[in-house]
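Same chain, two partners: chain A is paired with chain B first, then with chain C.
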Partner chain A sequence: MKKVTALSALSAAAMAIPTQAEVAPTDETFSYRYTSYQEADSPRERTFTAETGRYQIDVQQFGYRTPIGESWYLASELQYETMSGASPTQTYKNDEGQSTLLMSGASIEEQRVDIKVAPKKYFDHGTAGGLLAASIENDYQSLALGLDGTLDIFNKHTTLIGSLSVSNDELSPTDPELSTARTEADGRKKRSFSVYQGINQVIDKFSTVQMGVGYTQLTGYLSDPYKFKDNRPEARDQITFSAQHKQFANVLDGAALHSSYRYYYDDWGISSHTLDLKWAQQFNFGKMRLIATPLVRYYTQTEADFYSLQENPQAEDFNSSDYRLSAYGAFTVGFNSELKLDKVSFHFDWQQYISRESLALFGASDDEAPALVNFSTFTAGVDYKF
Partner chain B sequence: MASPCKFLLQGEEALIEKACLQAQAEVQRIEQKFSRYRDSSLLQAINKNAGLKATKIDAETAGLLNYADLCYQQSDGLFDISSGILRQVWNFKSNTLPNENAIQRLLPLINWSSIQWDQSEIFLPKKNMEIDFGGFGKEYAADRAAEVFQSLGIQHGLVDLGGDIRIIGDKVDQSGWTIGIRDPKQPAQAITQVTLHQGAMATSGNYERFMKVGGQHYCHIMKANTGWPINFWASVTVLAPQCLVAGSLSTLTMLAEQEGASWLKEQEVPFLAIDINGQQISCL
Partner chain C sequence: MKKTLLLSMIVSCIIASGCTTVKPWQRGYLSKDVMTSATDPLGSSLDNHIYFSKEGSSGGGQAAGGGCGCN
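== the complex of A and B ==
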């Protein structure tokens, strides 16, 4: 008998036996979600126009997923949205140095239809997927194509993830004769190209970590034709670095802590940090299982180089008073729940989002941004497995 | 599997039912792929092509061959997956010993080191050569079944494939799973019990298949170099993180006979070895 430790040699060899191929899901499922998205009214004391009511969006989502043959899986989704309400058109500083908000006068009523089809092929050591998505509104059309893939290495403890997508959007603002911005935007295109590279690593039986870097390039008409004095560059490069950690814990009937951080940077001068924490707690009641997930998110960003609250900026200068380009911070608190029975599961989710200039961690400004929005969403849904 | 296959699980019933079906399917998959009794198995294809041509293999099979190779090296050739052919002359139901000439005729066909293989194919160079994974297939299946349960979120349970045990996770109350170790003299009874919270336990025993001829005990575990059964240990039980490893450590110890005790101690794993006189060496 050899004197080397057989235990370590055998254990290593045993670990090196590859597990079976990632198996294609075998469940055929139908899902339905209703989501109500409600923005809080804009502040009366800062709103110049009579209208203070903001967007209310109702979303109906139908999903169908099915295996095709042994190794293919197809996910499809149809979404129908109805929007109503007004949106901010400009924020400017008045003579007293106060920020004043202009809202679109007429309440907008709009519909949007989204269709998504995503086939995926499962191989012994990874997956390859595609995505075709189309979105139609009366003033906006979008078509997107994507490819994604995963590759398992080191006995499936490490997964390489990659994806690539392109989109081509076309603007056709309602009532183009109403403003020069709308006339100019009519028929203009907006294109995007995105690439993501990531790595997922199993740390031990109870935890995994994923890191990734993403790049997106936007070109074309990137201004908002419905806003006043909105003139943005026709290109935007965006980079993100992200890290996610998942830790399973033996608390009650099982729990998992998901934490993630994302850093974002673009060449418009905006950088942002996002921190997410989620605790998914499982409770078993006989044949029923409840997964309750409280979550909290913090977001902070700096303002774009051309963000300004000038009432009448030089026409040729880049300019925007869009609150989404200002320096601000935001908190989201939420609670997701899923009740699983044998073939049916029910979902109830709620989230409250609050954003403020003063919550910005970096580059906070004294200027008020009264258009910064607070909103809440409520989702109810059901999944059915055939 | 020829031996009883048992899952002990705690948790939500609906999830357990679903997981059991998948774990069972995984055990059956391994059996069908590597069974020497099924004509359609990959192993049969490899053996039928002996002396004729190479057979394509997948990564899982290559991983198992690599494991078998390591067992061969660690045992100085006493453990050889091409030794199953000895079944042709050793019939434990006949209660008669095989003819020594018949054994000698088979020995040239038992030679793992002559087998050519790599990650994508294997070639057995002589006609009538055979390989099988009987020496560790059951233990491997126990590990895989446990991993299926773990991947589906089952946290409390164990897989028991004919006495080869792999823990999925401790009991809900963390009191551990109590498992009996067979008494080799009276295999229906336990000689002692161990409590396992994690890992695996496997036993090799001379009582599984054997015959007594002229008062001498002849069991199914045979030395590849002589073609004759070992006759020193009655049973060796080993605890290790993986059932596959626990099983190989116990089988290799059985094969090493007297030297096995010191070799097993060097592995620093909990074990119980009982020799044919009933003498125990315990490190549990």
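== the complex of A and C ==
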């Protein structure tokens, strides 16, 4: 089950934003990606149950983008996932003060279908776009709607950006009779409202910068019915401040440094910092072009006010031992590559994600969080321009 | 909303005052593939959905989509 599927689409809407004044694309493109996502096993010495294997997900993505008339462009995406594995249900401190991890006993098998459609109208001095996104799983349904727009000013040196979106999700946990939490969650809703406003600025003929502020309000059932002793508030306000910079560099056949930073905080007590760096390097081989992009990302967050490793917390108190609400830090390293021919481009990407309590920059705790996830992804794909 | 728009205009004016005038025909570097291709739509969509699902914070226009469960 996914708790935040529609919200993903909302963020995507905010990202469907230009990095400089846009003109209507003219390419009709079909894209396909296959990604294998694999989580590392949980540590046997901290796992109470026999099951230590975690999630393995096969993701297939189909994308189709096409101009409609002279000033409209339609972007669509279909994503199909098959997931299997076990997941953490609780972490608690045992009598020796060690963190102990409980995993779901049986391996979970499920599928998810995600559809997004985003039309955009291009004007002389800006754009206006929409988004419709739906995600379907056997235990979670999600629908999101979004609007976004841009306005070019100062001879298109500056672009004002805005987006607005809402989502409505419904939970229907499998085997609701198995626990009180699942029974209570069955049929419950989760709603979100999100707004983003930003500015993109051409600095000089080699660089641009974008800054923005975002606000998201979540309401409804925000706990995880599959976890034990998980009782979260039914509202959450989130604020982000973000900045992205792109710098062209005359290295070999052309390169660019992409850097971004995001500061986040919410009223659950979590604040986080995210720093992303990518170096996109082009190599020309006759009619072929290769763009090789090594990347590194660092993420650190503080823990939620109600995160705890109590084995038996008071039922009426807010409580969760979800590792996502703990204090930790994480590194991603990766390498993306795109080989461009005349009408066809091939993609091969790899990423490795490692998270640890000790990598937290702020608010680090002595408590172990053995459920913290490490994963790798491998992607192969193709784009074809008609 | 009007206040926010006004604030955006003021901030952009301040930023713009520190920037070079770049004519449309001087923007070739800004539209190079290396400036745009690092944000492959499908790749970014999946990457950010994974972060969205596996981390405690999200948003800020750092794209998302795709999936791996929250389990």
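To be clear about the criterion, the second predicted complex is superposed on the first by the 364 of 386 C-alpha atoms of A that agree within 3 Å, B and C clash if a C-alpha of one lies under 4 Å from a C-alpha of the other, contacts with A are read in each partner's own complex, and residues count from 1 in each chain.
Just so we're on the same page, contacts are C-beta pairs under 8 Å (C-beta built on N, C-alpha and C of every residue); 3 or more make two chains touch, one makes a residue touch a chain.
These numbers were taken from a predicted model, which means no experiment stands behind them.
Asks: Quick check on the superposed pair: does A:342 touch chain B, chain C, both, or neither? Answer first, second, both or neither.
Replies: Once the two structures are laid over each other on A, A:342 reaches chain B alone.
Asks: Please work out whether A:356 is in contact with chain B alone, chain C alone, both, or neither, and reply first, second, both or neither.
Replies: neither
Asks: In the overlay, answer first, second, both or neither for which of chain B and chain C A:254 touches.
Replies: both
Asks: When the two structures are overlaid on chain A, which partner does A:124 contact: first (chain B), second (chain C), both, or neither?
Replies: first
Asks: May I ask you to decide whether A:270 touches chain B, chain C, both, or neither, giving the answer as first, second, both or neither?
Replies: second
Asks: According to the contact criterion defined above, which of chain B and chain C contacts more residues of chain A?
Replies: Looking at chain B versus chain C, the one contacting more residues of chain A is C.
Asks: Would you sort A:241 into first (chain B), second (chain C), both or neither based on which partner it touches?
Replies: Second partner only, chain C.
Asks: Should A:191 be classified as contacting the first partner (chain B), the second (chain C), both, or neither?
Replies: After superposing on A, A:191 lies clear of both chain B and chain C.
Asks: Considering only the touch criterion stated at the top, classify A:286 as touching first (chain B), second (chain C), both, or neither.
Replies: It touches chain B, and chain C stays clear.
Asks: Looking at A:93 after the superposition, I want to know if it touches chain B, chain C, both of them or none. Which is it: first, second, both, neither?
Replies: Neither chain B nor chain C is touched by A:93.
Asks: Taking the two structures together, which residues of chain A meet both chain B and chain C?
Replies: 1-5, 7, 9-11, 14-15, 17, 19-20, 205, 254, 289
Asks: Which residues, counting only chain A, touch chain B once they are in their complex?
Replies: The touching residues are 1-7, 9-11, 13-20, 124, 205, 250, 253-254, 284, 286-287, 289, 341-342.
Asks: So in the complex, which bits of chain C are touching chain A?
Replies: So the residues of chain C in touch with chain A come to 4-5, 8-9, 11-12, 15-16, 19-22, 24, 26-71.
Asks: Can you name the residues of chain A that touch chain C in the complex?
Replies: My answer: residues 1-5, 7-12, 14-15, 17, 19-20, 31, 33, 35, 37, 55, 57, 59, 61, 63, 75, 77, 79, 81, 83, 85, 87, 104, 108, 110, 112, 114, 116, 135, 153-158, 160, 194, 196-199, 201-206, 208-209, 211-212, 214, 216, 224, 226, 238, 240-242, 246, 248, 254-256, 258, 260, 262, 264, 266, 270-272, 274, 276, 278, 280-282, 289, 291, 293, 299, 301, 304, 324-326, 330, 336, 338, 340, 347, 349, 351, 353, 373, 375, 377, 379, 381.
Asks: State the interface residues of chain B toward chain A in the complex, per the touch definition above.
Replies: 11-15, 26, 29, 58-60, 63-64, 66-67, 70-71, 73-76, 140, 143-144, 147, 150, 153, 155, 240-242, 244-245, 248-249, 252, 256, 259-260, 263, 266-269
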